[in-house]
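Structures follow.
Two complexes follow with chain A in common, the first pairing it with chain B and the second with chain C.
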Partner chain A sequence: MITERDLDAATVSNWMREIESVIRAERDHLVQLDAAIGDGDHGTNMLRGFEAVVQALGADSGSPPGRLLVLAGRTLVSSVGGASGPLWGSALRSGGRVLGDQATFEGQELVEVLAAALASVKDLGAASPGDKTMVDALEPAVDTLRERVAAGAPLADALDEACAAAEAGGRATIPMQARKGRASYLGERSIGHQDPGATSTGLILRALQRAVATGS
Partner chain B sequence: MAVETKVRKFLNDPALVVKESLAGLAAAHPDLLRYDAQQQIVVRKGAPKPGKVALVSGGGSGHEPLHGGFVGLGMLDAACPGEVFTSPVPDQMLAATKAVDGGAGVIHIVKNYTGDVLNFKMAAEEAADAGIKVEAVVIDDDVAVQDSLYTAGRRGVGATVLAEKIAGAAAERGDALAQVTGFVKRVNERSRSFGVALSSCIPPASGKAIFDLPEGQIELGIGIHGEPGRRRTTLGSASEVVDVMVEAVLSDLKLSRGAKVLVFLNGMGGTPLLELYLLYGEADRKLRAAGVEPVRNLVGSYITSLEMAGASLTVLELDDEMTGLWDAPVHTPALRWRA
Partner chain C sequence: MTKLVGIVLVSHSSELARGLAEVAAQVAGPEVRVEPAGGGPDGSLGTSGDVVREAIARADAGAGVVVLADLGSAVLTVRHLLKTELNGQVRLVDAPFVEGAVSAAVTSAAGAALDDVARAAEEARGARKL
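Our next item is the complex of A and B:
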């Protein structure tokens, strides 16, 4: 049996770099999705935030992974604005606090990090599944990851399934009518468009899967 | 290397449009305000004023002159401009709050958008930790958003300008925190707004219109972020359009006969004053016919959505105290009288 490698500060740094890279690649797509039901700046705002995160983490030396997540969250709050800044900022800060000062963590603890992130997003945004928000991607992903890790699946595989759940969750927002955020002002006209926040959530989780799978 | 400019806008670098515009505001009005480029905040000259309640507002840019244009005597003490159509961050709000706190407390005037509310909430918590007394009031006067159970709630639009003027005058004459906060709430409770658009607008970063509106069509129930409205229909006469706006506002505000009101006919940025006065004339006439008396008015582009063609109507039910505060001296880049 292969013993899984522990996750550590490098995993977090790689995750943030993967996010910056995928958001950069998908920026125009996110902007298009947001223009349909919002104001067309989701990709730009998220990219500004994760560029700042990569820079902040690059200047850090030797912090444990939990502290890095808290730093990433604080950087997002200070650089993104809009709703995404506080929501993702709080998510990463809450997730990071779960890890405290420990130097490494494993799959089960990653589940707890993401569960804390989800809880903070739901609390701050007062959103429930079906409201056409990032919760529609994040919640099924956390549920899937928890189940697969509990069943003993290798972490990279479990994350792969969690990403698929997040991406399916993102697509499932298309027929929904938005009940939270700026898209909610459109009423029925928000139906037929994929939620940009749920979409970027899928990208952020896919970046995590890559950071974990390619870690050496 | 020259920046490629594809869009019909005056830009050096789309990423710097907000900062460069704020630097220009400060260059034009050094007698009224200063711009702190580090924190990206606009602060009234001479702030903090010891013992005076301070008013701070902020939100995404693209709504000029809101909010930076309302910093000065009798209105705001500081403004926190975010990126275009994006809420500012808590760091800006906290820096602004600290810069203007004169010991009597600070009021955050927050338009009801998810981002603004979340970021201001974080800033207020940090200000409280720093020992500053902060009251936050959320403005939500837009009747186009009908069902708050299934939305993020009504948006803050035209009433924001009126609240900043009226509460700003109360703070200027020396009212205490609770009284000034009360005026912000009273203006919000007694105001309703409804907006329409004849075009979308083009954020500098994307360079593309947020939505397409064919000629001959009108969006009803728009906000101030270029987002499409609740409904699209065929553009009728100005009189017919104002019928829709007055009906939407009055049916929600429920005024008693003979009520005295302030009528704010606001341009969205791309509609000339020629048309705004025409719309005001229609609104004034229709309101009188409905048994309400416009005793004060404001006509012009004060809370805009970049270059969007369109207009919004805000009606505020006045009482003697609010009327007196409206008439009080004000001197800011965008509003000035009796000072």
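Our next item is the complex of A and C:
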């Protein structure tokens, strides 16, 4: 049973390890999606980035969860090499700053962390819903999580619904024409392919769900 | 002597950034600091925040730095650095990579201030070849 203040530094470390593991398992799929409308490096870049994050967090001793998120973000910016580096990097840094130095956090604060992450991605990438980007997965997930947590749903259930919203958002990018990123150079030819960034965003949120469940 | 505005060229390819820096420096002369920042963290195609940060530091002679980027993640990487750690003396310009770099380098060589060098790079968008 997840209690009110169950989330802590271990949750963040577990989240990053779960991301590395799921990106490793799905790397070829992400590469295939990206090869269709991008340059085919998304799975490889993301894996390199989160391997570096797991290593950086492993070398840390005793930082609070917000600081770990900031460290993870900074590590992504220097290690990913593609657009996901600055995007997820600024997302995790902004999310981490919400938590400051507090040792634990609860569901409502997790909503604020993810909302700050979303705001930072939209600002940096100048992307809106419908542009066929990670925003199409992240925004519905944050909205769903906020609504369910506000309605008093258990965090595990709220996260499950948020992940489902992210995955539906990822699938909804298939008929879209890309307006941001390298796929936008393809114009109408970007239609019919699922966006790799929206897809990995769904994986990253599922990893969060598993990390939160592990802490219970 | 007047401090000149530095130029940083951010590309997915280290060879593209180096080659363009060579062209721009040749046109502008030896006084302007034109620094390439190409390639990803492992030297492959991509963008590295660390490489960009170091190039900006090398390009800065005290009069500010104009940064040009080729595509997508190069632009995002510079914007991220600007938002998180760099001061107002670094300007990312929306300019064609080659023409903008040459324009900025030549304008800097003439002793122009940061705003003017940035504007020269952006105005290169309107330059016609034929």
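Note that the second predicted complex is superposed on the first by the 210 of 216 C-alpha atoms of A that agree within 3 Å, B and C clash if a C-alpha of one lies under 4 Å from a C-alpha of the other, contacts with A are read in each partner's own complex, and residues count from 1 in each chain.
The criterion applied here is as follows: a residue touches a chain if its C-beta (ideal position, glycine included) is under 8 Å from a C-beta of that chain, and two chains touch if they have at least 3 such contacts.
Bear in mind the structure is a predicted one, so any value in this text is a computation, not a measurement.
*Asks:* Between chain B and chain C, positioned on chain A by superposition, is the outcome a clash or a fit?
*Replies:* clash
*Asks:* Does the superposition put A:R146 against chain B (first), chain C (second), both, or neither?
*Replies:* neither
*Asks:* Compare chain B and chain C by how many residues of chain A each one touches, and report the one with more.
*Replies:* B
*Asks:* If you stack the two complexes on chain A, which partner ends up touching A:R189: first (chain B), second (chain C), both, or neither?
*Replies:* Touch status of A:R189: first partner only.
*Asks:* Tell me the contact category for A:G125 with respect to chain B and chain C: first, second, both or neither.
*Replies:* A:G125 sits against chain B and chain C alike.
*Asks:* Applying the touch criterion given at the start, work out whether A:G82 contacts chain B, chain C, both or neither, answering first, second, both or neither.
*Replies:* Both chain B and chain C are touched by A:G82.
*Asks:* Regarding the shared-chain residue A:R93, is it in contact with chain B (first), chain C (second), both, or neither?
*Replies:* A:R93: touches chain C, not chain B.
*Asks:* Indicate the residue numbers of chain A shared between its chain B interface and its chain C interface, in ascending order.
*Replies:* 39, 41, 45, 48, 77-87, 124-125, 181-182
*Asks:* Can you list the residues on chain B that touch chain A in the complex?
*Replies:* 60, 82-91, 113-115, 118-119, 122, 144-145, 150-152, 155, 203, 205-206, 208, 210-211, 223, 225-228, 230
*Asks:* Please give the residue numbers of chain A that touch chain C in the complex, ascending.
*Replies:* Listed in rising order, the residues of chain A that touch chain C are 39, 41, 45, 48, 77-87, 89-90, 93, 124-125, 181-182.
*Asks:* Where on chain A is chain B touching in the complex?
*Replies:* Touching chain B: residues 31, 35, 37-41, 44-45, 48, 77-87, 124-125, 177-182, 184-187, 189 of chain A.
*Asks:* Spell out the residues on chain C that touch chain A in their complex, using ranges where they run on.
*Replies:* Residues 40-42, 44-50, 71-73, 76-77, 79-80, 83-84.
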